[in-house]
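Labels for the chains are A, B, C and D, by order of writing; each one numbers its residues from 1.
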Amino acid sequence: MNPSFCGLGLAHPVINASGTFDAIAAHRVFGDALYEHFPFAAFVSKTVTVEPRQGNPPPRLWELPAGLMNSIGLPNKGLEGYLASDLPVLAELPVPLIVNVMGFTREQVATLVGAFAAREEVAALELNVSCPNVETGLIMGADPDEVSRLMNVVRPLTEKPLIVKLTPNATDPAAVAHAAQEAGADAVSLINTIRGMALRPGTDQPWLGGGTGGVSGPAVRAIALAQLVAVRGAVGIDIVAMGGVASGTDALEFLHAGAGLVAVGTENFRDPSAGSRVSAELDRLASRTPFSGAG
Amino acid sequence: MTAVRGERVQAPFGVRALRLTRREEYGAYVVLSGGDPDGPRPDPGQFYMLRSSERWGGGAGERPFLPRAFSVLRTGGDGEGLELQFLLEAVGPGTERLCELDAGEELSVLGPLGRGFAAPRPGHRVLLVGGGVGIAPLAIWQDRLDTGTTVLLGFRDAHHAAGAALLSGAVVATDDGSVGDHGLVTDLLESELDAGGEAEVYACGPPPMLEVVRAVCAERSVPAQLALEAGMACGFGGCFGCVVPSARGLIRLCLEGPVLDGAECSSETFAVAGMGHSG
Amino acid sequence: MNPSFCGLGLAHPVINASGTFDAIAAHRVFGDALYEHFPFAAFVSKTVTVEPRQGNPPPRLWELPAGLMNSIGLPNKGLEGYLASDLPVLAELPVPLIVNVMGFTREQVATLVGAFAAREEVAALELNVSCPNVETGLIMGADPDEVSRLMNVVRPLTEKPLIVKLTPNATDPAAVAHAAQEAGADAVSLINTIRGMALRPGTDQPWLGGGTGGVSGPAVRAIALAQLVAVRGAVGIDIVAMGGVASGTDALEFLHAGAGLVAVGTENFRDPSAGSRVSAELDRLASRTPFSGAG
Amino acid sequence: MTAVRGERVQAPFGVRALRLTRREEYGAYVVLSGGDPDGPRPDPGQFYMLRSSERWGGGAGERPFLPRAFSVLRTGGDGEGLELQFLLEAVGPGTERLCELDAGEELSVLGPLGRGFAAPRPGHRVLLVGGGVGIAPLAIWQDRLDTGTTVLLGFRDAHHAAGAALLSGAVVATDDGSVGDHGLVTDLLESELDAGGEAEVYACGPPPMLEVVRAVCAERSVPAQLALEAGMACGFGGCFGCVVPSARGLIRLCLEGPVLDGAECSSETFAVAGMGHSG
């Protein structure tokens, strides 16, 4: 398996899901062993917004059967802070860097894409469109037209690969993926978390500080696969598949369904070296099963 | 006894197996011990993420799924490699599963994680103040300190107060008066502090207790190091889930704590800290 | 708790989810004990269509973490067969009967509603709109306008309570619920199963005979709750909540979130008397927690 | 020995606890026994839905979740109330969990379910043909029949052939020839049938074996009753998940089976029956 995903020349097809691994924090905790055994073929950073964000008030986590619900709320240092403090450190990682960005208007997304287009440390950009466009009120990633208009604005700004990260909270993710492809996306990634909620036990009040949260982990894997297959049927571009991947078997299923790369998210929380395990298991399985690649 | 704030003992990268060698009960609590031959010796106040290697799941509400955070209670076994001990109270599906494990069974562990206690200021009297299962990090701290300590522990009732045997020379208070003083451990603390002398306080326990410790110490300008809890998914800064409000804004407790200086906490900190029992 | 749901005067707030309990088969298996300890306050029958259906080819089941995926494909005897063989038997159940119907055109739904409107054995009708309208190609339940047009056709046909069963595979179930209410629905029910998929291990072929399937069970409960809360915010009519209910605690959470009734589905498969256990647990919890009812 | 097709022993409504009294190994197989004081005596060929009362979940792939179907192997214990025995082979997360249970632990059971074997036609020679774990319902049938039986069993290898001890007088074939005949149990069956005399065949095993049994018997107009498997969520007709193609169309195996007449089956039946191993 020698994934040619977006021409990035990755060593294996397993990367991390945005927001589920902080390589800078992990380096403080694990030291250089992290770099020596870096678990991912590329590193995707947590979503960056134009302005700094504190994120949602705690509690931010709620455990589910074979899953997790979070309302982290995209805390980050903002574009300037990221460029100043994070980018120089992440540029030293032993793998290519993919920066995930989100804006609440098309102009904000353009600002972000424009800024990273100029940075050679950045191998590709992932557009997190699972948020409302504050100008139209529509969730950008749930509406094909919103995605087309967004891509029309940002596509001209960079030659770097643009990966549109789809939201699963949509009637027809395949139509959104198709719109992204037609407007020049190099790849799509899916799934982001599924909207969920929990109440503080015995009350009618939400548990999560953010009110609702996003469901991830093995509990969503079958749902992710259905959306992956639908999207694969609608586009010819590369796909990064994620949602509950916890083993090489899970990853292989997504590759069989047409993904070019697989991202590990929630499973990192159970073991920071899960990415290495998944890719090793995948290697073993691939040497057993005839697999011709996909995408 | 060389811990300096800002440093930390780093963890091996990735989860490793820890074979349990002993399971002991202290009233309401269970102590699990196991050999960690490849792990470094943790700082007092650091913690580990634990789960059973088998059947982590299938309990109440089809949980647990994520690993759970536990302070190291005590280290031992210098002869035959490092031994780790943990103190557990069964309060939900994760702790229930862990408490049913026995010698011979295996944990999957990640750690040591977080930043532990910093050494006391020279010449200061050391007060260890614990509530319930929060006595865990105080035991290893007492073991490592080369100064004497005054130990004040609060428990719900006699069944829980059995945990006091894990520290030496503990003065105990219980909510129901069945053992030791009838009242709150924080009342004991106030008396001790008012007895005079420069003191440094190390505390761990439920958020409302820690808030009183913080306030009592702040009023008297006594330095306090508080070991907090928060719901954690990962323990190594990956999920941004464990934040608590501090003087530095929302900070990841697993990374910047679990031990915080009283001075960087406020009542707001303890309104959201904890496992959610009291939030 | 004395649920006044749609004026049906039910004994407690726990019913079954359509398609997860066959009272006629269960009577063969368990005998009269079933009637003596009937677990539900009302019985909802499996979806009835105008024409008989065989259902999907097997395999029809795939187990998930804390959940189940099915592609049963709505096998049923058709309207005539149901009226002739099933209705007379179900009319003898010790609880009110709610008949769940589905049509692939508005006319088919009208035929079904019209037929049951005339039958006094039937206390209420549930409209399963999780299927495409073969005339428009749209999933009826994913589109507010489709639901309005459908209700405009069927509402005049009966005075019996009409419950519109929402699909979770939609960007905005609350908008669909609102459309249903405005067009005269007495209640909405949610969630139906979430679209999912699994591959035959080691292959790129679907496991389920139907290709895709529907995910149910505890794995979907947090997702159901988020949709319930969104729908509760959008409508004033009664709500039947379902999706992963396995205990009184789960049921109480749905009631706290504004449901009037709770339906037990997948949990019946783990224990046919689960409905009784859930309602007993609910009683115990309700006597502990102050609960003012909802809806 | 009073089973008549069309009737069935009905199950108590709802899941009940069954305390395990014994766990025995027969090569690759585990036999679990437990008391079922409140349950009725099942018909041979009927099955139960089983799960562990504790920790049903948290295994491979975060499963199991649903209960699993098992034929009753044998009943006993008339003195102190009914005892049920089950024969298990660990092939996935559900059977793995059940196989690790021991005496003293508890199952949650529903049953007896389905329709079992019908009595043989008078004067017919009874042939019991089993493959692998499919020998289970043949043991209770042999126990209950008051006629002699010819028992033909096929296994993968010697480790599995240890299960043959569960029936009396079994002639064994193994795929690898390590025990008994080197070959298929269906070859033994053909020889037996061709030896002449009116026979009635009862068979249980993997779908390809059952298909050969069906065809072999059909060619010779020998009546055959075949105990099938299919993936089941509920076992009592609730989910419509366990259908197999038959002369009557798609039928719910848990309700109309698991024992079907060979005459209502076709090769199509066995192309989809089974747990999916071979489909």
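What we mean here is this: contacts are C-beta pairs under 8 Å (C-beta built on N, C-alpha and C of every residue); 3 or more make two chains touch, one makes a residue touch a chain.
Predicted model, so just to flag it, every value in this text is computed and none were measured.
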Which neighbours do chain C and chain D have in common?
-> A, B
Pair joined by more contacting C-beta pairs (A-B or A-D) = A-B
Calculate how many whole Å lie between the centre of chain A and the centre of chain B, each centre taken as the average of the chain's C-alpha atoms.
-> 35
Centre to centre, by mean C-alpha position, how many angstrom separate chain B and chain C?
-> 47
Which whole number of Å gives the spacing of the CA centres of chain B and chain D?
-> 53
Multi-chain contact sites of chain D, meaning residues that touch two or more partners | 57, 61-62, 65
Numbers and ranges of chain C residues touching at least 2 other chains = 64-67, 218, 249
Chain adjacency by touch: line, ring, star, complete or other shape?
-> complete
Spell out the part of chain B that touches chain A in their complex, as residue ranges.
-> 8, 10-15, 51, 57, 61-67, 108, 110, 113, 230-234, 236-244, 249-250, 252, 255, 272, 276, 279
In the complex of these two chains, what residues of chain C are touching chain B?
-> 65-66, 218, 246-247, 249
Please give the residue numbers of chain A that touch chain C in the complex, ascending.
-> 62, 64-67, 69, 139, 142, 169-171, 194-199, 201-204, 212-213, 215, 218-223, 225-227, 229, 249, 252-253, 256-257, 289
Which residues of chain D touch chain A in their complex?
-> 57, 61-62
What residues on chain D touch chain B, complex-wise?
-> 54-59, 62, 65, 97
